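The structure appears right after this line, and notes come after that.
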Amino acid sequence: MTKPIPRIVTGETLGQVDASQVPRFAGAPTFARLPRIDEVKSADIAVIGMPFDAGASFRSGARFGPSHIREASRLLRPYNPAQDAYPFELAQVVDAGDLNLNTYDILETLATIEAGITEILNFGAKPMTLGGDHTIALPILRALHKKFGPIAVIHFDAHLDTWDTYYGAPYTHGTPFRRAAEEGLLDLESCLHVGIRGPLYSKQDLTDDATFGFQIIRTEDFDDLGTEAIIAKMLRRVAGKPVYVSIDVDVMDPAFAPGTGTPEAGGLSSRELLRLVRALDATNLLGADIVEVSPPYDHAQITALAACHLAYDLITTMAKATAAAKKA
Amino acid sequence: MTKPIPRIVTGETLGQVDASQVPRFAGAPTFARLPRIDEVKSADIAVIGMPFDAGASFRSGARFGPSHIREASRLLRPYNPAQDAYPFELAQVVDAGDLNLNTYDILETLATIEAGITEILNFGAKPMTLGGDHTIALPILRALHKKFGPIAVIHFDAHLDTWDTYYGAPYTHGTPFRRAAEEGLLDLESCLHVGIRGPLYSKQDLTDDATFGFQIIRTEDFDDLGTEAIIAKMLRRVAGKPVYVSIDVDVMDPAFAPGTGTPEAGGLSSRELLRLVRALDATNLLGADIVEVSPPYDHAQITALAACHLAYDLITTMAKATAAAKKA
Amino acid sequence: MTKPIPRIVTGETLGQVDASQVPRFAGAPTFARLPRIDEVKSADIAVIGMPFDAGASFRSGARFGPSHIREASRLLRPYNPAQDAYPFELAQVVDAGDLNLNTYDILETLATIEAGITEILNFGAKPMTLGGDHTIALPILRALHKKFGPIAVIHFDAHLDTWDTYYGAPYTHGTPFRRAAEEGLLDLESCLHVGIRGPLYSKQDLTDDATFGFQIIRTEDFDDLGTEAIIAKMLRRVAGKPVYVSIDVDVMDPAFAPGTGTPEAGGLSSRELLRLVRALDATNLLGADIVEVSPPYDHAQITALAACHLAYDLITTMAKATAAAKKA
Amino acid sequence: MTKPIPRIVTGETLGQVDASQVPRFAGAPTFARLPRIDEVKSADIAVIGMPFDAGASFRSGARFGPSHIREASRLLRPYNPAQDAYPFELAQVVDAGDLNLNTYDILETLATIEAGITEILNFGAKPMTLGGDHTIALPILRALHKKFGPIAVIHFDAHLDTWDTYYGAPYTHGTPFRRAAEEGLLDLESCLHVGIRGPLYSKQDLTDDATFGFQIIRTEDFDDLGTEAIIAKMLRRVAGKPVYVSIDVDVMDPAFAPGTGTPEAGGLSSRELLRLVRALDATNLLGADIVEVSPPYDHAQITALAACHLAYDLITTMAKATAAAKKA
Amino acid sequence: MTKPIPRIVTGETLGQVDASQVPRFAGAPTFARLPRIDEVKSADIAVIGMPFDAGASFRSGARFGPSHIREASRLLRPYNPAQDAYPFELAQVVDAGDLNLNTYDILETLATIEAGITEILNFGAKPMTLGGDHTIALPILRALHKKFGPIAVIHFDAHLDTWDTYYGAPYTHGTPFRRAAEEGLLDLESCLHVGIRGPLYSKQDLTDDATFGFQIIRTEDFDDLGTEAIIAKMLRRVAGKPVYVSIDVDVMDPAFAPGTGTPEAGGLSSRELLRLVRALDATNLLGADIVEVSPPYDHAQITALAACHLAYDLITTMAKATAAAKKA
Amino acid sequence: MTKPIPRIVTGETLGQVDASQVPRFAGAPTFARLPRIDEVKSADIAVIGMPFDAGASFRSGARFGPSHIREASRLLRPYNPAQDAYPFELAQVVDAGDLNLNTYDILETLATIEAGITEILNFGAKPMTLGGDHTIALPILRALHKKFGPIAVIHFDAHLDTWDTYYGAPYTHGTPFRRAAEEGLLDLESCLHVGIRGPLYSKQDLTDDATFGFQIIRTEDFDDLGTEAIIAKMLRRVAGKPVYVSIDVDVMDPAFAPGTGTPEAGGLSSRELLRLVRALDATNLLGADIVEVSPPYDHAQITALAACHLAYDLITTMAKATAAAKKA
């Protein structure tokens, strides 16, 4: 039985469920109501969920993050006026579902993620990951590094995430970028943290962090320098490099992202963060993640709405690059 | 790419995602993590969502009911000890997705539902519907009646739902069973309401209701007669008849079903209701619905958990009948 | 301008806004959408709010109780099948609004309440009070006692409320019935607490309590004796006496009444409590209160729904007595 | 009985309940605790509720918006320092209650609203409407147009609301301003949207929109141009025209307005929006609405507080014009 | 500085902060406002928190369980009328704080717990543990077994918790009692599960479970047999044996325990569960735990209130045994 | 028994529980997991809770504020990069617990607070108070005045809090600064309110306020003047004076501080407020308070997170002064 679901089809891309025909509250919650990966022959960008929070050191709950973000993403529409582009026409974007991660075994999880991202890359797609806690960034970088060499990471977060160990554990949500640096995955001249704020364990954290190739843009800098200056600084830092973007939603203030695991007062607004992300237009984006959405602490999808809009703009940027590459 | 999802396969049935291999918080939220209808060749029982609440007269929100119930149904497991059966082995159960209903046009919605249920019946499956508001019961009965003739309805609800019109509207969540009776869809000797309570517009409501073929079992009767006597009465009423079960979650007390549109204090517990539903074992069940789950008023999935367990037990009953029929 | 609001008018009573003409979510939230006291010439029963919680010793918030209960009461309908009566036809029931109580001065508040209730009694009406914390019971009893002499109180509560002082304060939500006894307001042979449970400060609490004329029915007794036996005991205790009913919603379990100030696990269900209240039919009811509804701790109006249904049944009982008296 | 409620009376106006005599949590929740329309002989400004959400395409719930906003408005006080004015002295402001709208019939609802607003205008008052979903703007504009001719609309919203149809329905919350333009209700040189953001269905939406007389100020423009420049642009656009203001609360970020139906990340703060609204001082304001407050998604009245403050400032602006006109 | 906190001192016991002198919302939230272990020389019963949820297979959050239960326990009072005893006079009860558990290392956590409980036993106290997920029961049983030999476990739970592994992990919240049986910690003739319900992975689960020494009392049995018969069965099963009680709060219905990780519809009420626990009076109780309270899913402390009352009654039972032993 | 809790010990200060050894969700919730006052010999700064809300005129609940803020403060770490300082090394900071305040007697409470603060001052510590409603500021100022003479108060609040009486009550949360001025506690040339906004009772409020020594910086000024200019103005006002800082969290917008008693739309962000507070570095800070955190209206600790970060920065400022004084 089952009639075909009315979708927006443009050229060779299979797009969203057509919201003019099917209410947005109906049907399966794939990201932005895009096709599943098994419904297409090829894909340029793959949204993939990583339901995992065993790396979290305070509030847990991010294991339910991917399905929560997908539910909120029902509202996304085809045309992105902020970037003047139709992302789902410019590129074939799909929902690749969730990776099957072992909540009881971080090492196995790291291996599964690395393999999963490698598979997506081999399929020809760029990964747009929905976390899960920040532990997942490390194996993603491992997979990207195998294919692209050292990577410039733009890391939006309240926290450095370059700590060494927690209670002896080397692989947690507080350590991915130290491990990545130690493993040689990062371009040591080109990484930066944006939105850092809040108390640290030690001033040494900052010293250590610098050795891993990170420049720091603090939340306070937004008030001192203005957003445009920060965008310029950010783009200068990664200019000409293959870039990976990693967004911890706690870079936003708890008012804009209550549903997260390690909130810090005094953060960015969703509008500031979207502005930064949209400025990435000219960069060579290899992929991106949005992590640390913890649904049990969210309300009325405030956090998930910001997260899915961020993913939407990151996808748009990647789609524009895809289209440009195809044309070239 | 995409590896096959590890599923429980038994004989000819394609079952749930194997929870021993994939955490229950991972993957797409089909009902009970069962296969989609397009993944099977045939089906015995089809879970179908009806995201619609334009028939609601007080709190709305049931349009998000189907996806909310599916999220909660991730916890369901293969073996039902209460009925000593493996429902997803006994029958091929699938998730048929949501019907595409027009929130602005009740009449069109009635037609779409009738067509959708007819299609499911023609596919050889029994419908297990997730509402949506109670308006949807009418077109389901229309479709069933076309195929099976007059139907004995067991209607669990705090309310009679046999009112005539609201503000001139004949098709709302308060009127499906009056319309059904007027259209000759009901077996006038065999219907009953279970769990009626709360204030009415008029004593005449009761008189009218009786003419539509309904016997009434009030919530108070549970205390006076005991559950066993009520089960006996219920089974006697529908004995030998083709039966349709319609459950409005407001038959439960607001403590057990806060997420609903027209709550009434003093209702059944989820345990009492499950007991009644499991007692339907011997009946000739044509299909069932669970309606009026309104997610914005739910908390920690209390209502959705009860709803998905009720669906699970109704499916088990239908699956046992399916298996018996196949054997015979 | 302003057209008349369509109301149900029966004989001489001005009833609810007609829900067949005006949706229940529209219009001003008087109790049950009944007329305001200034819209009628006389009244038999007056619903009156007492927004006050300065007597609360743990969670506060009950100052918002009256408006919260009224919002939930929009759902109440004209005919009460549990008592087979139309309460708003049998008697003129009105919403007398809120008393203007001084949150900073308990003694002034006690005086204001006593005067307010006296005024209602002089107006010819019985008071159905919506609290507010339990402190308010004392001045209500003072006003009733002036008119009717010693009163038999049926007190539904998890707590005795016959403590002496808190931190030196004699008039709080934990002391109204001790004060009432000391002041000679109670019929010392005829009072009883129903639903007592949870830890006490001392075994002496029970001894003291007995001297104030109270018999105790514990929650555990419901399981040991059954509800019918308890009803019989309750009716026997107050037989032939003028009765006042005071319901602290914490007599219900936190599942049925989360929105309250001093919750205790293991309480009554709303169904049990409604059954008890409806059994009061034969008593000579002088008035009643429902107290300790604390909206900031409620969810989806669970507590308020139970509270307004209890008020509805108490009103029905009083209305039946009113009608009987008029006939006689 | 019933003593008069202590009110602030100034010259000929009957003002708020006097908060120095009655706690703000006590008494009936009319808007800002102002008198009901039936308590005055004439009124300059009438607050009117439109409990209706059948035009909503995603989350519903706005049918409870009017009573939710009124509850939050208990906090409003007599003197508005931001505009240096006593709005309720300058003009007689009243609460006209709710219109009685048919949730099952959009066309009937449109007619009822048009008639209701016409009645308010004939009563000599300007309408300050509390929604309800945005569908209600169309019939308000119809009524205003009959009296004042083509109208300049300042429309604060994340969305254009100039779509054509949804699932064949021409009158929904996404279409009022297209319908208004088609019907000739708008001044085609003078309308503007403020706060537009988020994905669109198509770039064509923008082209279509321009033909209906709307200029667009995007949320991003606030960062690029600054608020003062936007205010200047806004005032220039409507200079000398009769103006109607329509505020969809989703123009604010979900952090400031979680309780709404179609949220978009990256919006205005309540402070920015209040600044814009207060800048309307010099305009010829015919009336205003605040719509799409959906209480089941609100928390701690965050959204309702913003909504009632916006209404308060709009009323102040209208009251100043009233006073100026009376003087003249 | 710091004046002594006014405490109830009785004979040799240091009791609760005196609620007649200090409001219950003031001061540090030790369990029941009892003294810390470092404030006493010896203790008979030690309440100990185990903030750990890395063993949870579905919803996490129980790591915040201990502090959440302690907050709710502020309401507990000195005299327990249900057992006619003053638990904190009969025995010295203390709050031993939380164990310091490694969220990233289950094996280390098991060792830490075993050592911690051993230390408590060596201190002469019985452990009353606040979880944390159910994984913690295994190391507690190990410590008890070292001292007392094979143990009769009364296990209140919706689930058997005798599964083998999840995703290869042997030590999780679904396996403690299988591991305990395999390690010879259990008295194979005397264990029982109470409150089992909900779907299972396989019928084999029941067969396996029986070999570990467990008798099963299903939730349905409460309706069939009545609570008294179940109590008799339970007491018969453990008669004369050293008993350990382990309560997973999901044995209660989600209405009574929404804040938990793996909820199942149709469970016990808090009143039923308290009745069972109070019936343990005559048993030789070695210790007890209450686990799986997940605060992010709780509302108004519903779950925590039930949990702390259960702990209170378990402590009372242990205290009575302590007092009896001292006397003897 | 009980091993010592691993703490950070630096020179002579006893610091936080070491988060590298004990997870932040474990252990007793003293502020920032600092030592209790009875664990140290001397202290430079004492965090003290004042669980009291009987002075609140609208929403209550602040009585639970201290424990709520402490729970959120578990996340605070040792190094404050915003001020480049280790506050808990520079000074001995302790948690002095809660004062024991009488919820039924404001006058007694005022006396208890004055005595408690005096005791802290005599102990050699500066008070960092966690409220509680704003009534508590008056007795704190009385104690400070006795020791330091007239005080310059920087008062962050949406409201002036210089009203005269409410319903005849002179000591409430709306009056502390009028009483303080009348009693001569304030330096009449040096006080200021920051963040004032929202409707007032009367324009006279502003006139009165000026006579009490307050300059007013309105929220609107932040947009007109910019934050830097406001900081300069603020520092100029208090230059060279002994300063007390009093922060009502409602100075923030309801999006950033939903959990409060008298919210006003259009407020500061937590980032703006933190910037202002950090600018106090050069001032001679005698102590500070953070008040009006009302937990029942908070969500996901949004308000408490802002409150504990504000306290952390105030403590840092005081600790730097302490260290400087010790050096000098």
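Annotations for the structure displayed:
So that you can tell them apart, the chains are marked A, B, C, D, E and F in the order they are listed, and the count of residues begins at 1 in each.
As a convention for this text, a contact is a pair of C-beta atoms (placed from the backbone, for glycine too) under 8 Å apart; a residue touches a chain by one contact, two chains touch by 3 or more.
None of these values were measured; they are calculated from a predicted model.
More than half of the contact pairs at A-D come back, by residue number, in A-F, the repeat among C-F, B-D or A-F. When each chain is reduced to the average of its Cα atoms, D sits farthest from subunit E. Subunit C and subunit E have CA centres that are 38 Å apart. Distance between chain centres (mean CA atoms), subunit D to subunit E: 55 Å.
In terms of their C-alpha centroids, the spacing between subunit A and subunit B amounts to 39 Å. The set of subunit C residues that touch two or more partner chains comprises 21, 23, 25, 57, 59, 63-64, 102-103, 166-167, 253, 255, 269, 297, 299. Touching chain pairs in this entry, ordered by label, are A-B, A-D, A-E, A-F, B-C, B-D, B-E, C-D, C-E, C-F, D-F, E-F.
Residue ranges on subunit E touching subunit B, taken from their complex, read 57-59, 166-167, 197-203, 205-206, 218-220, 223, 253-255, 258-259, 262-267, 269, 297-299. Of all residues in subunit D, those touching subunit C in their complex are 1-2, 6, 21-23, 25-30, 36-38, 49, 51, 63-64, 66-67, 71, 96-103, 119-120, 122-123. For subunit F in complex with subunit A, the residues that touch the partner chain are 19-21, 23-25, 74-82, 84, 86, 227, 253, 255-256, 269-271, 274-275, 299-302, 305-306, 308-310, 312.
Only residues 53-55, 57, 59-61, 63-64, 102-106, 166-169, 172, 296-297 of subunit E touch subunit A when the two sit together in their complex.
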